[in-house]
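Okay, handing you the structure first.
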Amino acid sequence: MTVKTLYRVKFFDTDTMGVVHHSNYIRWFETGRVEFLRQLDITLTELMNDGILFPIVEVGAKFHAPAKFDDELEIVTTAEALTRAKMKFSYVIRRCGEEKILVEGTSMNVFTFGGKICRLPEKFFSRLERGLD
Amino acid sequence: MTVKTLYRVKFFDTDTMGVVHHSNYIRWFETGRVEFLRQLDITLTELMNDGILFPIVEVGAKFHAPAKFDDELEIVTTAEALTRAKMKFSYVIRRCGEEKILVEGTSMNVFTFGGKICRLPEKFFSRLERGLD
Amino acid sequence: MTVKTLYRVKFFDTDTMGVVHHSNYIRWFETGRVEFLRQLDITLTELMNDGILFPIVEVGAKFHAPAKFDDELEIVTTAEALTRAKMKFSYVIRRCGEEKILVEGTSMNVFTFGGKICRLPEKFFSRLERGLD
Amino acid sequence: MTVKTLYRVKFFDTDTMGVVHHSNYIRWFETGRVEFLRQLDITLTELMNDGILFPIVEVGAKFHAPAKFDDELEIVTTAEALTRAKMKFSYVIRRCGEEKILVEGTSMNVFTFGGKICRLPEKFFSRLERGLD
């Protein structure tokens, strides 16, 4: 499954070089991830209400070309692995309607309960695994 | 009491106009506030551990001149009112060693317990009121 | 004229108190302002291409109740004064479909050219003044 | 060469999980990089004044354990490669005085002039290469 999320670059996302500060793409990966899970009917709030946290343990990004203020971006989020132990996603960010990739990246989250690594309960996993279709 | 906090502007604090994004000064007011309280031996963590939150209810700022990347700033925080019900602070931000005021502002916080406005317990208030000296 | 902008709260907008950090509402005022101007066919990029900057000189906000992660917010932006010398806006932020005001605020921007206060050229002002209708 | 930079976690750096939002470590890598270069007597401002930009092309991070509000962190920045074409750094973030690594990461920047990849002029490179000692 692949989920496309749209975002228009804000003034506060940019820096003195006149382009988006690279740390913001890492935030938009998260936005893509959250929307991907929402498509599976999983919200972070529901997970947190059950005491399950989902710390990110790894992130990586390659920055090919910069986005600028007011650019309309699409964040394409793809599940690479969704198990009871972890979620791996990959991301591609482009300007809407353009082929050129601006940024690509990957992330891995695990699940924790009471501060310890846990396996995702069935009630969530049954929804999550549909994301690999 | 007045507390001076130093901060060097980071690249991610700036925007496409080549200056600090104004929202960051609001964050640095908070930094000044936190350091002011630390001088009184009050940490937000200790307050939170006792179930006391301190939501900000009002903030205002006037931006006279911009700070830029790598500028060394001083945030001067002054207590305007410190009661069992609220904390009012004022702030002045300058480049270190310069007279010219870049930004000035004010804020008001209240105290809450269990989501409701509360009066600050004596254990904290006895420390807090020293800030008006 | 009043312009409504929608925004869903991101995880990175929140803080340890479990609510949106107050500095972010200041950023969302800007988002509202940018969208207001876009409705008048004015983009910040076009202004900057003509050498015109639009520094913010004043901002104020009252925080009545907190927004949380995943809340869908509406930022309602209203022009209070739009002249060749300045733009004053007011803002109201609510959860979509709710009456209760979470945050309200105001801002004032001026126009500069070459680092000095300037009067907005007719080409932009003729579009801007329609915002007071 | 290794440069240690200190940073105390701010309230606005944290999120609803009560820990530092992961995107901020990416920003602190930049802080470490900037301070590393400053030790070599290179400032980003001087580079920009000469028309040289230094876009980041790659970043990666592993998050082993979270930092919290008010933690005093040290960001240890080490040069992995410093050539006329690129700068590669690695980073380790710990709580001050603790052995445990919270976050580690790497980054790569290139140099550009007029929007194109360039080789760093001698005046800067002679300073930069000392960073590999």
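For clarity, chains are labelled A, B, C and D in written order, and residue numbers in each chain start from 1.
Note that in this section contacts are C-beta pairs under 8 Å (C-beta built on N, C-alpha and C of every residue); 3 or more make two chains touch, one makes a residue touch a chain.
Everything quoted here is computed from the prediction, not taken from an experiment.
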{"item": "Identity of the chain that, by mean CA position, is farthest from chain C", "value": "D"}
{"item": "Pair of chains joined by more contacts [C-beta pairs], B-C or C-D", "value": "B-C"}
{"item": "Whole-Å separation of chain centres (CA-atom averages), chain A against chain C", "value": "27"}
{"item": "Approximate Å spacing (C-alpha centroids) for the pair chain B, chain C", "value": "23"}
{"item": "Distance between the centres, which are taken as Cα means, of chain D and chain C, whole angstrom", "value": "33"}
{"item": "Sites on chain D at which at least two other chains make contact", "value": "11-12, 16, 19, 21, 23, 27, 30, 69"}
{"item": "In the complex, chain C residues that touch chain A", "value": "10-12, 27, 30-31, 34, 43-45, 69-70"}
{"item": "Chain A - residues contacting chain B, complex", "value": "11-12, 14-16, 18-19, 21, 23, 68-69"}
{"item": "Contact footprint of chain B on chain C as seen in their complex", "value": "16-17, 19, 21-24, 26-27, 30, 48, 53, 55-64, 66"}
